[in-house]
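Please go over the structures that come below.
One chain, subunit A, appears in both complexes that follow, with subunit B as partner in the first and subunit C in the second.
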Partner chain A sequence: MGLLDFFKKIEPSKDKKIAHTAFDAFFTFAFSPNSVTKGKGVHIRDGMDLKRTMFQVVIALQLCYVFGTYNIGHQHFKALGMYPDLFQAFHLKLFYGLTKLIPLFVVANVVGLGIEFLYAAKKGHSVEEGFLVTGALIPLIMPPDLPLWMLALSVAFAVVLGKEAFGGTGMNIWNIALLSRVFIFFAYPLDISGDEVWVSGLESTKAMSAVDYGWIHTNVLNPIFGWFGGAQYDVGATVADGFTGATPLILAYQDGWEAVTQHYSSAQMFWGTIPGSIGETSKPFIIFGAIYLIAMGIGSWRIMSSMFIGAAISALLMNAWGATPFMTVPWYYQFYMGSFFFAMAFMATDPVTAAGTTRGKLLYGFMIGFVGMIIRVLNPAYPEGWMLAILLFNTFSPLFDHNVLQKNMAKRLKNA
Partner chain B sequence: MDFLNLFIKAAFIENMVLAYFLGMCSYLAVSKTVKTAVGLGLAVIFVLGITMPINWLINTYLLDGGIMGMDLTFLRLILFIAVIASMVQLVEMIIEKISPSLYNSLGIFLPLITVNCAILGGSLFMVTREYNLIDSVAFGLGGGFGWFLAVIAIAAIREKIRYSNVPPGLRGLGMAFLLTGLMGIAFMSLMGIDPAALTGK
Partner chain C sequence: MKSRPILKTKFTLLTTLFFSFSACFGQAGGQGSSLVNILLIVAALVAVFVLLLLADNIMRVEAKSQGFDSESGDFGLMPKLGNLFAKKAPAYTAGASTHVLKAGHDIKLEGAPAAHFAEAKVNRYAVQPQNFRGIFPIPKLHVAVGDEVLAGEPLFYDKDRPELKYVAPVSGEVVAINRGAKRSIAEIVILADKDQKHRELPAIDWKAASREELSQYIQANGAWPLLRQRPYDIVANPDETPRDIFVSSFDTAPGAPDSELIIRGNEKAFQTGLSVLSKLTDGSVHLGLNGNGESKPSAAFAEAQDVKLHYFSGAHPAGNVGIQMHHIAPVGRDGVVWTLGVQEVISLGNMFENRAFDGSRIISLTGNLLKDPAHVRTYLGANIGDLLNGQIDGDDKYRAVSGDLLSGDEKTGDQFVNFYDDQVSVVKEGDHYEMFGWLSPFAVKPSISPAIPSSIFTDIEHDVTTNTNGETRAFVVTGQYEKVMPMDIYPQHLMKAIMSNDIERMEGLGILELAEEDVALCEFVCTSKMPLQEILRDGLDYLREQD
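Up next, the complex of A and B:
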């Protein structure tokens, strides 16, 4: 037990509050407690504690992380008109993505966990691992070029006002990751919407505008690639003619499905080689994560399926109405665009903010699907609706639960 | 169709509480339990739905040059408030008759609907936006329904977080203000939709 001895040796005294909280967090991450319930009681026999539950979600997100990282690089070179095939210049695309994703990930986690440690030390309890999932989700729902101070500010806002003010992990009403995104969305709209922000590393997406490579590309990565004899980042490259950074949703809003297919094929949209928030583009990998969550008993299949049905019904009604080009997009194609599956698999199913009762879950999922599609298609101000729809029905999920409970009570009182 | 448009607009898109922050006092005070919130919310729907058309009639036929061509619009505020106060009195009597327990739990906040700014605000919006009679009914019912939704939503949330470990300084009203702000963000999801423009196409 070398690791255990090591931990015992470095354990700070309990008087040093912050140091001890931090130590405790990492210690319990590495080891599970000795006390477990044995035998056949009515007690919970599996020690599926909060940390392990959260970690399942992080595992389910891994494929999105891998693909999202690579897609940052792929979209970047696509804008330059270089290496159009998916696996061409693999190392350039991968390392480009890493240089974008790692800072986002580090900042989100350092700020969030830092606040978490401070609060845990101040309140005098061990750290709650609630931020594990939030810290993993936040980088995936941001555009790749987001300024880091903005990310830090939004994470601080969401963790302090969205979670710690409510009493910490498991007490929040609104989804923390979405609160941090909605903060940027309303405070700095230019950095998280429009045509320019979804493709990374370009000054703008207009033709002939220059690329903006950082110090690390020219001074560290380029010499290493040169040494191995591979392709290098071309510092003088410019944006190719006829390139647009518009996402399928923006195109569809302007001119309907025809305009989308001129730029992106359905296969591209399905596999996710399109511009967008980092983790949301690839549908098969997200669906894989969703199936993993359902199989592990963490994600609620009721919420996911009712959300899908709600969105489908809403889209069918739009088709029947058909007043704008976006409304005439066939309902099944609506699911190819945007972040529906990411919101469905990882955001709506958050067990803390979703409704808790069975019927409440069905209604909650259905309403998110229904209203989210309305916001996406009918609201000219917002290109995508799931974030706001989920926040809206997080607001109402306690009410749904309340009504279901009251109905059950009334029924049982009648039978009693 | 116009009726429905305006109803949806008043209830969801321009929600009285969460977009204009009107009617906050009773909203914050009676949102501790869902049951009282439902009672007061229904009372607000009723009062708004009744007073708006009455105020419209008064404004159009009495104040705007109705009596011998005199401009009596300076009496607008005081007459609107008189109408609202009498309607509230009516509601109070009805509730006391139908449900004494609700009457007791609402307490002072029932007569205080009289000075609920959402209700006077609705009537004043009606004047500045030049609604007609049908519009004012739609706006009144829609605005009342939006207020009702907001108050029962925050009441359910406050019931849920009653046993949460909220920092001591924030307990009670502080938390209610924070909740209202975050609910306002969530309600911004529908802001910007223009039902009239959609049906016009």
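Up next, the complex of A and C:
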């Protein structure tokens, strides 16, 4: 119990609000509290609490983190025409990814948690766990080269206006992670859409453009790698001929499935060795996370499956219509491209912003899938729809519940 | 035969279906773009689906209007999805009205009461006016400290209902009248005689008596408080005739006493009690039977007369009378119903069998700190300290609870078992810190969540404490209450309606059907550690004030 004594010793006085809130957050992180049930009501409680619930989502995201980090580096070297095999120059790719991901992760969490701590201190309650998940999700849905100040601004916007203004964890209407992304999407669209942003570390994706290494690559990592005799970052490398930074969705939007297959094989798209937001590309790892969430009883299989069905039906109808090249992409290939699975597993299933009733969840998921596919295919500005569809149906999820509850109420009043 | 029109309807509908089906596909087969084809197929599928649903509904409505019991047979076109995968009820329930409840959870705890009787020497008993929800907090007393009373002698009455007496469960001397907050009377303590003496009640021929005479007799002689009323879960109002009366013959709560043990030797009194009850209502007395056991419940339950029998199969809270009521005939604004437990029915029956107030109770002592967790024969309102005397093993800090661990009240050794409780639970206090308690995958704690891996092994008997295992939060997780709530109720939305004092919504979402014990399991599983029972009671009190 040495650690417990240590914590007790350093506990700041309750007058120092911010210090005490921060202490409390770290203390309850290290030790589950000694609070006991009240004398009335239940005397024993289920072992499950919100911290554990939230942490399961973080666990489910781990594989996406590992692969996403590595893929940043892999895409970078692919653009330069170097090390085309996935595991070639493993250390270069991994460390390149880390130098991109760690700053994003740190900024997102420092800003988000900082705001949470401030609000918790101000309101006089303990720091809630919601940001544990939000802070893990946000880096995964951003392009790797996103300027850090932009990320900080978007996280601050999402947490303050999206969550704290509504009363904190459990009270928000919109998914916080998506809110921060949609903020960048509308405020700085050039930094989160188009062909240029998905591959990291290039001045441009056009052929012969120079690479853009930072101080850490040339002055810290290169000497270390050199000392071990490994390959080093090449500051003279240029973008290879015939390379495109466009994601499969952009290609499909312009010229249909044919154009996509010229650049990417379906296996690449499935395993995720394609440009895109950091965590969204690898389907098997995301599906593994989804299965983990379902097995732990935390992600709703109803939302996930109905969202899949909704998207499939929507894509089928698009196939039948076939007015633009994108519409003719076979419905099953729609799932190879873009962030459908990530949105399905981690975004749509956020219990706070999703519908809460069993039937409401089915309808909610279906509508996201159906409308999201329409937005993806028909939106001229940006060929992806899940972010907007989920935020849209976050807004309407109380309506789905209302409908179900009204039926329940009507039945009861009829019986009476 | 009555079934002919049904067969005819079924045939007609199936024929219509067949023709509409072929018509749809006939059209879809023509020339046209692929979009038209797909749209036609979708339209055809939707049409077929709607027709099927319609037909299914009509069949069920028809069956209902013809007066068939929809529980004993399925009159729909399609089997209900739930029935296909439902756990089968045991064979002995065949032919009886049976409800298989899927939602629910049995919490297995160490120290379950053994099926024998332990010795407990209880000297003091108390009647606690606060147990009788709905009466005025300062009742009028018939007795003073130092008075000698007989078992069945009136102790006090509510000033609004002077004819409704609350009586002594045992004979002895009134040794204390303890007051609670605002001079309310908390306890009337009786030091029991060694040899119990009963007040002899006036003779009555209950078989011939009218409802009015029975009601007056029961009120005057102290058995009325045994009857509880829903909505609100309060002492029954003598001015109202209940629509139905519900009795649950089994208790699924952790550590609850075994009703097979309770009924042994009391079969006749139980039947008399049920027969008396059947005279008090215009509707029926419904007896909920245990459909979980390997063998049929004892004959006193399974072959009871003057009642309608219903088997319930499923985990806790399947034994709660509120859950059973919901599946038999839900209560709402249309009237009141009364509820009783097995021992209350026996007490009522004994009043007519023996012409004496029967205050005896069999209670279970449960918890892994007890040396001999078992059943005990005692009387209403037994002293907790006396009951547990010599039972506690070790020096652990513990909490004694009157009732089960999900909905009981914490008591000190100087306090007494509540009037409606037939269980005393003992549990370790959990006021200790646990390093990374929220993270450890090796925690062995009762839970319904697979994120606590020990929950996969459903046979583990848990060593529990009163630790909350986390801090209170706002509602975040959805759908967890529904897993343990075998009612067509949305608990989370109901709780939110209560918290916002939305009367119409709470009533619509079913607050009138509930008592605290029915949402206790939801409160147990709550990830956000919300006090659901407290919220529910606030809502019920608020509604009662509005009436």
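What we mean here is this: the second predicted complex is superposed on the first by the 404 of 416 C-alpha atoms of A that agree within 3 Å, B and C clash if a C-alpha of one lies under 4 Å from a C-alpha of the other, contacts with A are read in each partner's own complex, and residues count from 1 in each chain.
The rule is simple: a contact is a pair of C-beta atoms (placed from the backbone, for glycine too) under 8 Å apart; a residue touches a chain by one contact, two chains touch by 3 or more.
Since the structure is predicted, the reported quantities are computational estimates derived from the model, not experimental observations.
Chemist: Scan A:Pro398 for contacts with subunit B and subunit C and give back first, second, both or neither.
Modeler: Once the two structures are laid over each other on A, A:Pro398 reaches subunit B alone.
Chemist: One more residue to check, A:Phe166. First (subunit B), second (subunit C), both or neither?
Modeler: first
Chemist: Between subunit B (first) and subunit C (second), which, if any, makes contact with A:Lys407: first, second, both or neither?
Modeler: The answer is neither, since A:Lys407 touches no partner chain.
Chemist: Go through the superposed model and pick first if A:Ala354 touches only subunit B, second if only subunit C, both, or neither.
Modeler: The second partner, subunit C, only.
Chemist: Using the superposition described at the top, determine whether subunit B or subunit C touches more residues of subunit A.
Modeler: After superposing on chain A, more of subunit A is contacted by C.
Chemist: Please write out, lowest number first, the residues of subunit A touched by both subunit B and subunit C across the two complexes.
Modeler: Common to the two interfaces on subunit A: residues 167-168, 171, 401.
Chemist: Spell out the part of subunit B that touches subunit A in their complex, as residue ranges.
Modeler: 34, 152-153, 156-157, 159-161, 164-167, 170, 175, 178-179, 182-183, 185-194, 198-199, 201
Chemist: Applying the document's contact rule, which stretches of subunit C touch subunit A when the two form their complex?
Modeler: 33-35, 37-39, 107, 330, 332-334, 399, 401, 405-410, 425, 427, 429-439, 443, 445-452, 455, 464-471, 473-480, 482, 488-490, 492-493, 505, 507-510, 516, 520, 523-529, 531-534
Chemist: Where on subunit A does subunit C make contact in their complex?
Modeler: Interface residues on the subunit A side: 3-4, 28, 30-53, 55-56, 126, 128-130, 167-171, 295-298, 300, 316-317, 319-322, 351-352, 354-358, 361, 401, 404-405, 408-413, 415-416.
Chemist: Quick one: which bits of subunit A touch subunit B in the complex? Just the residue numbers, please.
Modeler: Checking each residue of subunit A against subunit B gives 123, 161-162, 164-168, 171, 173-174, 179, 182, 186, 323-324, 371, 374-375, 378-382, 385, 388-389, 391-392, 394-396, 398-399, 401-402.
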